[in-house]
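One structure is given below, represented as structure tokens, and several questions about it will come after.
Chain IDs A, B and C follow the sequence of writing; residue 1 opens each chain.
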Amino acid sequence: MLIYIVRRLLYSVVVLIAASFIIFSFVSLSNDPLAFLKMQPNASEQTIENITKRKHLDQSIPVQYVYWAKDAITNQFGTTTIGNRPILPDLTRVMGHTLQLVIAAEILAILVAVIIGVYSALRQYSMFDYTATTFSFVGLATPVFWLALMLQVLFVNIYLWFDVRIFYTASLSGVDPGSGLHFVLDRAQHLGLPIIVLMAASVATYSRYMRASMLEVVNSDYVRTARAKGVAERGVTMRHAFRNALIPLVTIVALNFGGLLGGVVVTETVFALDGMGLYFVTQLQLGDPYPVMAWLMVTATLVIVFNLIADIAYGFLDPRVRYD
Amino acid sequence: MDCATHSTQRKDFVPEAILSIRDLTVEFKTEDGVVHAVTGVGYDLAAGETLGVVGESGSGKSVSVMSMLGLIPVPPGRIVAGEAIYKGRDLLKIPPKELRDIRGGEIAMIFQDPMTSLNPVLTIGDQIAEAITTHNAGMSDSDAKKRTIHLLDVVGVPVPERRVDQYPHEFSGGMRQRAMIAMAMANAPSILIADEPTTALDVTIQAQIIEVMRTAQRETGAATILITHDLGLIAELADRVIVMYGGRVVELGDVHTIFSSPHHPYTVGLMKSLARIDLDQQWLEPIPGQPPSLILPPPGCAFHPRCALSQGRERCRTEIPSLRTVGQGDEHLAACHFAEELDAQRLVAHAAAAEGR
Amino acid sequence: MTEQVPATSGAVTAPAERLGSSADLSLSYESGLELKARSQWAYARMRFLRHRLAVGSLIILILIGFVAIFAKQVAPHGFNDQDLVNIAAAPSWDHPFGTDLLGRDYLSRVIYGLRTSLWVAFFVALLSTAFGTAVGAVAGYYGGTTDNLLMRFTDLILTLPGLAVLLTAAAFLGQQSQSIGPISISQPVMIGLILAFLFWTGLARIVRGVYLSLREKEFVEAAKASGAGDMRIMVRHILPNCVGPIVVTMTLIIATAILVEAALSFLGFGIQPPNPALGSLIAEGNVGGLGYWWLVTYPGLVIVIIALAVNFIGDGLRDALDPTQRLRA
């Protein structure tokens, strides 16, 4: 098992390095990170020259890459091009905010989706099933940013009409949220909308797979055997069907992680949350490759680790796939 | 009326049967129409005997027993009519909870494909123990496990103490089927139903499983319903045989009679299609044609489109034959209008063979 | 799916002499039991037509397609025509979708926007399908090192989170039209290329799977024995088996492409003005302080309808072409 993990990690590192080089290349090739600065009338020649020297912008791409790589490993991803601001502290700060959002959204999404999926499967073709399926389809067809905007419009209008603030995202970092229940409530109110938005696509996907998986399992031969043994329906559902139906979901959740990050980018932009998504978009707009690279490397690592955890969890759930 | 026995008084096929099925009719609603899976089926099972149920896929042999045990999904399935009397109670009418008590307890089932019929994420021991504890609520886990190990031993699984904690994918095909038989035996049932127990296994393993089944029957003293299309298996294990076609029983009798003088053209066709070592065969003789559609069965006798005996006679095309006694005694029944002609044909064939020698 | 009994003759071909009797089996199917032989495509079409939702969606999509193709004729106003009297007007009979902050008729703008979004999506789907199939076929058929290399390359692309990479690529590469020699690639096409570059991997895996499993089959051996070259085998013999998954995945790509392109355009990194795009329309509409709900609602609604329709069609196609994979059991 350990060898497997180590092997996976090593392989991932190689992939990461290769990917980083490719991305760095096309990021630096067609782009001049100083373009923005050069357009400013009061930027002195000296400043431009200093930055060029510091970031080795006058050298070839491979050389620049090596410097970047060195910076990344030894100097905590270095600093931004303009302003020479260290990247890592910013990154960790926004990552903390985003993680709150993502973890809450995913856990809720999985819970809701499992319940919906199982119930839909057990009551196939019922009103509930049709409604759930319709919502799934609609959920998958809805652009995340648009849903975010629509919800915002809705709640802003509720505020305007009824003078009641149910969900709002302003002053998220400003006010101290306190601890315990107060913390939860405060977070729920501030992050409620973004969490709902992030959940939408996930729930749609997961519940559909859960339903399909549950249906397949419920019609399987071993469930028939369990019934033939005289096991009560409840035992059949929980002990035999549910456990088996859950297994493919692990893979789906893992695969969905990348999509989740995309949703984060868009959601934070719409709700102006100080998280990884907004950070990424801002740096893209500035055209600075260094924070962008740092962000990509960090997220890629997260994805790899997450996938590894998912694979191990899968092996835990399904005895046919144990890695020894 | 077209059912097996429709007389006003119930006729027992077998005296003191522990299971009596009469007029069982089951249908399924599908996108393409209503499937008449089983129509007017009736048979008896005596204590301790092995009843073979022979037929092609789609003949209704599995559906008839599964519906009796409440194992068919009720929409789209529907038990239209019939009764299944077991120990004085009609299984088709008792409340689900009582049926559940009987299922796996007094009537146990062995399925065809042991790989898919066992839950891959639970150990073999857990699954067998579940069969035990479901019907013995008070039993402790360790007692159940002890009994499980004993059962595995009886069916011939080596080193059962270790095997009991293994998963189905760690067992070979034959082992898995043994485990399934152990699971069925767990509560000393009075009736064992085996649905194609050897079909998914290699031929060499089949022989072993036949032995295991004999052991199971001996240990439990149970009557067995053996559902299969494998005539060899029937010859080995069955005492009596019923032949099903198109959802109906077309012939019924004891195994020797059925094999030596079948009285339904379908049975004749089945026997003829067997590959025989003792005969000098140039060709194998399959039954021509295809199984009938159960949504739109042929009018009259379901077998007539493929029947060499029928030759398109009007009676076969319009009137559904009912099961009636043929041959000697009154324990051999066949559902064919012209069953007696088969006797005549046999005499001719024997004479020809004798002459040719 | 071919029926074993030839429907036309209605008789069963069996050696009559071996049956030992004079049974005239040509009577077999006279009683009206006909087994009609149908081609595989006919069955697929039958199954598809059973899905009312899929069929309805197809009709809607065709309608939308017409609107898109004939945008100039259908749109009541030009894309940039300003009606200065009615700036930022709510929906009315004159302007069914209202007007934007510069007084431009929103319905027209949405129509033009949906035209761009649609053709970019189709472009992406076609390109990634072609590329993905090619890569998958080569990887699956040749196996070994070729397979390894190609799959590692696929892994590379999959390791990084999708939208992020797309955004990066779009931000740094796709903002202007490029010229490679004499060919000039417009900016929307650049975006299309970038999107296609990340979407082909899924299909490649599926196709590779099919090729891997089929290349050992006897019909391939037979083809080789009769002198067929690799190319011919790959295209004429194995490829038809993939049509089901390919078509289904393609519809999925269309839907995803529309959504992703909208997201990119919304964030400002997708299709740039003056080219119209639904995502950009939403972004522009968002500026108005959320007070002008129609500016944000309608383009999004159009996206949802198109994506829904495509998804339903995809579902219907999956049932028709690949019934072993029924997601709705």
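What we mean here is this: a residue touches a chain if its C-beta (ideal position, glycine included) is under 8 Å from a C-beta of that chain, and two chains touch if they have at least 3 such contacts.
Not measured: the values here are computed from a predicted model.
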{"item": "A-C compared against A-B, more contacting pairs", "value": "A-C"}
{"item": "Identity of the most central chain, Cα criterion", "value": "C"}
{"item": "Subunit B and subunit C: spacing of chain centres that average the CA atoms, whole Å", "value": "49"}
{"item": "Between subunit C and subunit A, distance of the C-alpha-averaged centres to the nearest whole Å", "value": "26"}
{"item": "Rounded Å distance between subunit A and subunit B, as computed from the means of their C-alpha atoms", "value": "55"}
{"item": "Residue numbers on subunit B that touch subunit A, as the complex places them", "value": "69, 71, 100-105, 108-109, 111, 113, 116-122, 127, 130-131, 134-135, 167, 169, 180, 183"}
{"item": "List of subunit A residues in touch with subunit C within their complex", "value": "12, 15-16, 18-19, 22-23, 26-27, 29-31, 124, 133, 137-138, 140-146, 149-150, 152-153, 156-157, 208, 212, 215-216, 219, 257-259, 261-263, 265-266, 269, 280-281, 284-285, 287, 289, 292, 295-296, 299-300, 303-304"}
{"item": "Of subunit A, residues touching subunit B in the complex", "value": "220-222, 224-232, 235, 239-240, 243-244, 247, 317-320"}
{"item": "Contact set on subunit C toward subunit A in their complex", "value": "152, 155-156, 158-165, 167-169, 171-173, 255, 259, 262-263, 266-269, 279, 282, 286, 290, 293, 296-297, 300, 303-305, 307-308, 311-312, 327-329"}
